[in-house]
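The chains carry the letters A, B, C and D, assigned in the order they are written, with residues numbered from 1 in each.
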């Protein structure tokens, strides 16, 4: 690990967050435990590190140990002083404008969330509507609601370290979506989160759409690993993964899933779990799984797994389209039109999916301890959407055990997670995970995969 | 009193306040004591009544007893349903756009203030910085800060029922200010609050300034009497008179005072009291008293009074310019340039006067009971700025006793207020008030004035 | 006559005319007979003299004998150097922006017209469609066509030196037109040409119309006497009075006529002559004569005259509305809607009235020599629209004899014009002109009027 | 050759060309020899065929024999009716907006050029300043001059059928140029004309440049072979190749040359010929030859040829940068800054390079007959810039003999062109051309190349 080039400079604000009160500045400068400085510095560094791809957060933090960020109040508003910032984020000595905007989005959201959650005694996490209201407030404060815009936001999910030909494919899909005027929303990292944006951007260019939306939804825990691409022109930092997932499904109008690993599988189980909720039965929600020819096996396996575990109804909620970007964009376009008609008919907002019911199972954070993993109830007697919730947790635990710092540490100390449940179901789970191993989707290609779980039955 | 023409319709939102959560809608619809519906309805009616001049709030409310306003949530955002609204606010069946904007500003501010004061247990009125921070937050939330704009906001104070030639004069001053690119901020009623805006608008037209700012600062207690002119394109509703006055001096960069009655005198004492605070000694703040030839006596009398009570230092903080709109605009322009230089030098914000120190005496509401009036300490041994604060309160009480509902009732029940204090000072007060009576500035011209106070010494 | 304050400075261009070729610069600098410098200087001076009202062109030219204007080519485009320009056009040393824009409009039109008429051997004045095509090209080049805009341009005609209460009335009408979203087009001088613009501007303000159109159509011969008000934000210089009148009726969608003198009467005869053309029988064209109560006699006399000479059909093409601005705006609004429906139905352009047939009688310049005046055929056996054309010429001659330099000189040399024709018709003409004399509309109020014509029969 | 899908529809205009006079419509509809319909139809088809790459104009024309285009005049302006247009230009039944814009640019330029050259008796081709003035007028009429913009237009030249890795390289260079805020101007076909635009577009995205300029300069003779990419957002059609080349060097501020064939070599000789003109000695003009590692030989050979024929001074006017996009963008950026300083110092326009002297040798069309080719004076005794002009013509002839319809026909009839000249020089020419053959740059890769020339000495 070598020292990296750095730049120290002062940057002007952009966007709507340009004025702070003295009180807010103090909070951001406060380096104590209750202050916001630590969080702000860490997110800012992730943003500034955007041109480097690589998911080792720790390493980044170490490389830029002497990085710091300070607020400068001035007659024309506030400025940010960057000290020893990654040089890659600068062009001819000036911070790339997209990076600059994202920097101020971080500032905006950190302050807002802290003022409305952490420090507001009225906020309680117990109620489901409280959480939804909070997600709503964060998005509104970030100006993410464009009320006159008809449904056009396509969420793109998929792996952040996919193969080159898969990446090229996501660009082609994005291009067709962009040509049809759709906007892109992703988790804002590389791979399947960047490709569709690049493609859609060129599609927009040809249609002269200069205000296309490239929405990135992230959270402090993941931002360093999946640093927002500067093409993202609306960045929102949600406080945790559950609120981020809720933001995806309430803000987005449809979802395209590209190939990925167990993380992508977790996202699929999340959205299916919600759509299987009987209360959401009649709500249209376009959902397309797609990839190039080479990804066919991946989706076939997932489809088989879903059929065998969650049943046909679950399978009826999505479409699989292999190697046909044009068809994906048409399916998505027609799905969005259905969404538009539905919302108009029910008087539901275009900009926020109020009607979708999301149960606490999907809102409450899941802590993947060995105990919690072992206690997961995995059996087909459960209502399908509850089973989906539990399978999602299992998948979430495996992601943690594979790559998240805390999970890896636990596995090292206590051995693999023990998953138990209905024998037939467990066989399905085993087979699915085994296929991920074989397709090299469990870890970065080239490395040997040592499973972090054991299936008991 | 006759029934008035009314219109019932649904209006689309304009401006930034277009999205409400279900929770916020409930609060606005709530007609119970803790709900916001009553307040919202009353302010909305004031806005809709803009084409009528007249300050009898009660009468208006009675004329439109069956007026109501409701929130309609829709797929493209919210709408407002107006029921039996004053027909004057409509042109060819459509609500005048400026009125529409102001309607949504009311909605925005009522919700914000209620959420951040009334319902937030963290807010306490005891601290001076808390109040300033609140004024800051309300203005920021209303997008009143344009950070890149150099100081250009001229506050215009003066009577709302001035004579025709005085009104014409305020238009001429406004025209010259507008030609020089200055923006206007007033209490947004008729008379001296409307004339400068009209004049400045034509000045802006000649300079092709299409985004001129016509800021109206009002409060629920006065909005019905001083209904915002639709030329006002930035309306902010502050919760009470003290926060409104603070907003004037922190947002505005200079003040022009036109002739008025004791209310205008109260405003003069307010700003002088702040400027006489030793902490504010070096802060430039352009302050010009001006009127046509016929208003000369008015300002001479006030100048004499100030000289005899608050002293020469107070006199040094303002300029009196009679019958010379061009000179007023030049003095104001050069004053604003001084403000700009000062703020740049001290790194103070252009958009909010953080440095100005405002003491609790000026922030705490004064309740003009007979007892409070009698207890006012009026003597020249006090520091000048404290004396100014007390004189302002006395003037405030007289305004209440003259025209405010509660004050008038008290006077009827208990007779005139009794003002006591240092004999020489009381003579000055008496003489000043007497001059207002003679100039017919105590009440609407034509009516006989029965004093609501007695000077003891 | 005293020397006036002047300013010398360099001004940057605004609007679309910002780039000249070296060749064009040479033409503008060319002070020889075939060069454009003389014309450019004279029009520029008229624009710069906008804040002075007064129609003595000669006097103005003499006051600013040493005024000059030069082109400066620069890396960012061209600039204009003004030498000894009238100081009134400057505020704080900077040229009023509206004046600046109008200055560059002059430049644009002078160059264009010279390149497309004077110097283009293909252009012949003989054909009616050639003239119409030229008017079209000048307006298009000046960006006067906003294709997506539905018919909304109201032409306001009337005297430039009307009485105060008449002026106030034109403002009120303008206000109501503006509130209803209509745009104003005038000859861009003072009086009835300025009042409606000022009023409409405030109406637009309340409706938040920031791109309202204030179109001024002028010509080099009149621009000095009727200097464009800086509120005019689209100034077009047509080459002569006939093309200017054609521009009015092809660009405007309706006409409001305020009181004036014989000039206004000439305009009335012009538009009636066109509308009486059988080819234009079915083309809707809203035409309203309006004024305050005191102007009632004026329009009654004109109405009587028209009834007695051109007949009932002519009377059926206009409406007279006295002292009711609201009603004027409603009549105009509904007239414009009729125009819109008609054009949509016939596929005619919104922005240019192609269908209206204008005969050569109305396009060819009339030179008011004694001989031409004496030869005018004035008798009711003529088709009504031809009679209207001849009556217009008579009126045009009288205007010239009253105030135009050349006309006045001729009258001095040869005595009054001799008008002959059908006895009954001549009695009508005499009576009409007599009423103008009695109403002091022949010359500026206060001065004695010596007729420049004699009616023979 | 199979029939292709077509669409018939009516499209609305975009951009500034939205209003035509009846006269202009007639000219465009006129299918006779002197009418414009044939030219308009052909260019329109080329624009509509944008999604197909392939340079066989004839084939395209044949595939869409029944394509037609008509003008529809309407109340809101004109529309275009497309009959049997290529379906690829449509998305969901609507014409891609970029294509639509380009379609109306064609309309605009065809009309303008015909009105100002073909039909204007004042225009003569004999004078050099006449041609320059015409190029200026066409560009101005197309709104290509943005006067306030500092020099930022980089012209990209190079082959339209380059190898994949060369194409990828042009994208990378474009990306770096875009990140630095530079705008791209090309001949608007595929290959080296499309890559830099795509790259720059993503660079602009990151810098939030929403009004980046992607200028395409083309001419009727080449437009079908190099159909404008819809990313091009400013399309200008010049009347012939010489005016197009002049437009490149007067509008552009610097040039980047990517690998190509003899056509690219022709462009290099054109710009060097101009820069070698002693009158242009001190005019800065950044010129960079660049390509990936594999293109090194190409540029080395060209550099050697230039050194041996035009000399060191010629070599001093360009820089060769191999496989380093970042360095290219830096060199270009610093070159543009030099241009900016120079123009500011000399008061020369930013938007049009007036100072550059272009002699008739470079403006007059060269007709590559066998006779003209044989008569070319090729010897090093000539002034370098004249020699460059002649070498350019030789290269131009070879391009024609290789691929242009007329040239190929002549070669077939009369055998190869005979080039004669100074023996040493001819050896250089031979060696250069030979290297093109070896690098497969003479024709599309894969095909055998039969030389269309013979070198005599």
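Assorted remarks:
Just so it is clear, contacts are C-beta pairs under 8 Å (C-beta built on N, C-alpha and C of every residue); 3 or more make two chains touch, one makes a residue touch a chain.
All figures in this text were calculated on a predicted structure; none of them were measured in a lab.
Shared contact partners of chain B and chain C do not exist in this assembly.
Traced through touching neighbours, the fewest hops from chain A to chain C number 2. For the interfaces C-D and A-D, the C-beta contact count is higher for C-D.
Repeating the B-C interface with over half of its contact pairs identical by residue number, the matching pair from A-B, C-D or A-D is A-D.
Note: centroid distance chain B to chain D, computed from Cα atoms, is 64 Å. Annotation: 48 Å between the Cα-based centres of chain C and chain D.
Work out the mean CA point of chain A and of chain D, and you get 45 Å between them.
Taken residue by residue, chain A touches two or more other chains at no position, since every residue touches fewer.
Contact topology of the protein chains: cyclic, one closed ring where each chain has exactly two touching partners. Taken pair by pair, the chains that touch are A-B, A-D, B-C, C-D. Chain A meets chain D in the complex at residues 14, 91-92, 96-99, 101, 179-180, 198, 201-202, 205-211, 230-231, 233, 333. Within the complex formed with chain C, the residues of chain D that make contact are 13, 18-19, 21-23, 73-77, 119-122, 129, 133, 136-137, 140, 145, 147-148, 343-344, 346-352, 354.
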